[in-house]
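After this come two complexes, each holding subunit A, first together with subunit B and then together with subunit C.
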Partner chain A sequence: MAETTIGSRTRIEGSVTGRDVLVVEGEIRGTVTMDAPIRIEREGRLEAEVAGPEVAIGGTVQGHVIGLKKVEILPGARMIGDVRTPRILISDGAVFRGRVDMDVGEG
Partner chain B sequence: MANDGTAVIGKAITIRGEIEGRQDLRVEGVVEGHVRLDAELVIGEGGTVKGEAHVAVLTVEGHFDGIAMTDELAHLMPGCDATGTITSPRVVIEDGALFTGTLDMDVGAEPAPGEARHG
Partner chain C sequence: MADDQGTRTEIGPETVVTGDVRADEDVVVFGRIDGTVSSTTAVIVEDGGRVGPRVEAPTVIVAGWASGDVIGTERVEITETGRVLGCVYAPRMVLLEGGAVKGRIVMDGSRPESVQAPAAARTVTARPVAALAGTGARRTSATATRGGREPVSATRAKVAAAAPAARATAKAGLLDLGDEGESKVD
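The block that comes next holds the complex of A and B.
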């Protein structure tokens, strides 16, 4: 699968949609809706509504995150907002402030 | 944490009320009420705690429903089912854990918006 990288000196205001893996090293304000995994690197900053099958957060996110399959909050991450997903992992060393909703009916 | 072993509330025991202590406590049964410990509270697989927990370390393998405040760490293990509010400087949620509610780990990291820091 191809990969799209928003570099560390890039800043986007608006919406990002797509079907490739998205790696964020820069800054996005707005909405991010992907049909492929989203990875926010340590330097990445999102002030956004984020939705994708899998979302891995290593940087700073302020907003709502929907992971249709999984959300991972990695060491060093800073997540402020709400997460909705059937599967969540929070690593030691991550900071999270907000709601988690895993009340997703299975089957 | 140095203390005299671990207290255990067995599978067939239900406690309603308040529990206070300075040693680790493992709940295999049911506790409804308030748990206050200067040590670790482990809610074992099949164990249930409903209410409030003020503890140094919280480990959930079973069911927790309520408000938890820890001094050090809250650890949600695979297969657990937790609901409510967890305030803790460190939170670890393992793959396969279920949690619905609010997490607040922003403890002393930096002032909340609009809040002045007094030194």
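The block that comes next holds the complex of A and C.
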């Protein structure tokens, strides 16, 4: 599967959509909607509404996150906002402030 | 990230970005950017990629489709598969045979009126073409899925070597434009 990478020295204001795996090392403000896994690296910063089948957060996210299959909040992550997903993993060392709604169908 | 040197932004073939993209690194577009793209190094629109209505960088290479203003503060290169619908602003330009421009080519140093050059873009030192070629080495998987054609970002050295011949054949590329185009070289 092809990949989209937002490099650490790139900033996007707007929306990112598509079917490629998305790796965020830089910054996105707006909306992110992918039909493939989304990974926010340690350097990555999102101020965005995020939706994807699997969302792995290792960086900073401010906004709502929807993971149709699962959401992982990794060590070192800073997540502020609500998460909606059937499966969630919050690692030791992650910072999370927000609500979790796990009452959604697998999708 | 400890190793910042190898980073770049790559928009995959099935990704659409709408809005504003600003980078202090190379931006390689296999997919689509609806909006403005600016980089302080280079923007490379690969075959199949689309950008517009504005792209700006010291070096802009178009192997895909660009509409609107294409601004290369140092140079613009349009490859065999490149299409530009709009204005090309560049002090130096290469148009390979097969590439096409419908619109204007402005080489007198002027720029689109509504636009100011970002200060950073002016001060960045030109990167040798060889350095750009190096950034393409990381592409492996995506290349394999693209029917064998190598991405421009992986073949920069070859394109640069072909450049002098390209100048001689640039006119041939312009013939593709159809008759409505107000094509001219300022």
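Assume the second predicted complex is superposed on the first by the 104 of 107 C-alpha atoms of A that agree within 3 Å, B and C clash if a C-alpha of one lies under 4 Å from a C-alpha of the other, contacts with A are read in each partner's own complex, and residues count from 1 in each chain.
We take it that a contact is a pair of C-beta atoms (placed from the backbone, for glycine too) under 8 Å apart; a residue touches a chain by one contact, two chains touch by 3 or more.
The model shown is predicted, which means the values in this text are computed figures rather than measured ones.
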item: Clash-or-fit label for the pair subunit B, subunit C on subunit A; value: fit
item: Touching partner for A:R99 - first (subunit B), second (subunit C), both, neither; value: first
item: Greater residue coverage of subunit A in the superposed arrangement, subunit B or subunit C; value: C
item: Which superposed partner A:T17 touches (first subunit B, second subunit C, both, neither); value: second
item: First, second, both or neither for A:L89, with subunit B first and subunit C second; value: first
item: Partner chain in contact with A:L68 - subunit B first, subunit C second, else both or neither; value: neither
item: Shortest CA-CA distance in Å separating subunit B from subunit C in the superposed model; value: 22
item: Residues of subunit A contacting subunit B in one complex and subunit C in the other; value: none
item: Touch list for subunit B against partner subunit A, complex; value: 73, 90-106, 109
item: List of subunit C residues in touch with subunit A within their complex; value: 1, 4, 7-27, 30-31, 35, 141-142, 145
item: Of all residues in subunit A, those that touch subunit B in their complex; value: 80, 87-103
item: Interfacial residue positions of subunit A with respect to subunit C in the complex; value: 1-22, 25-26, 30, 34, 41-43
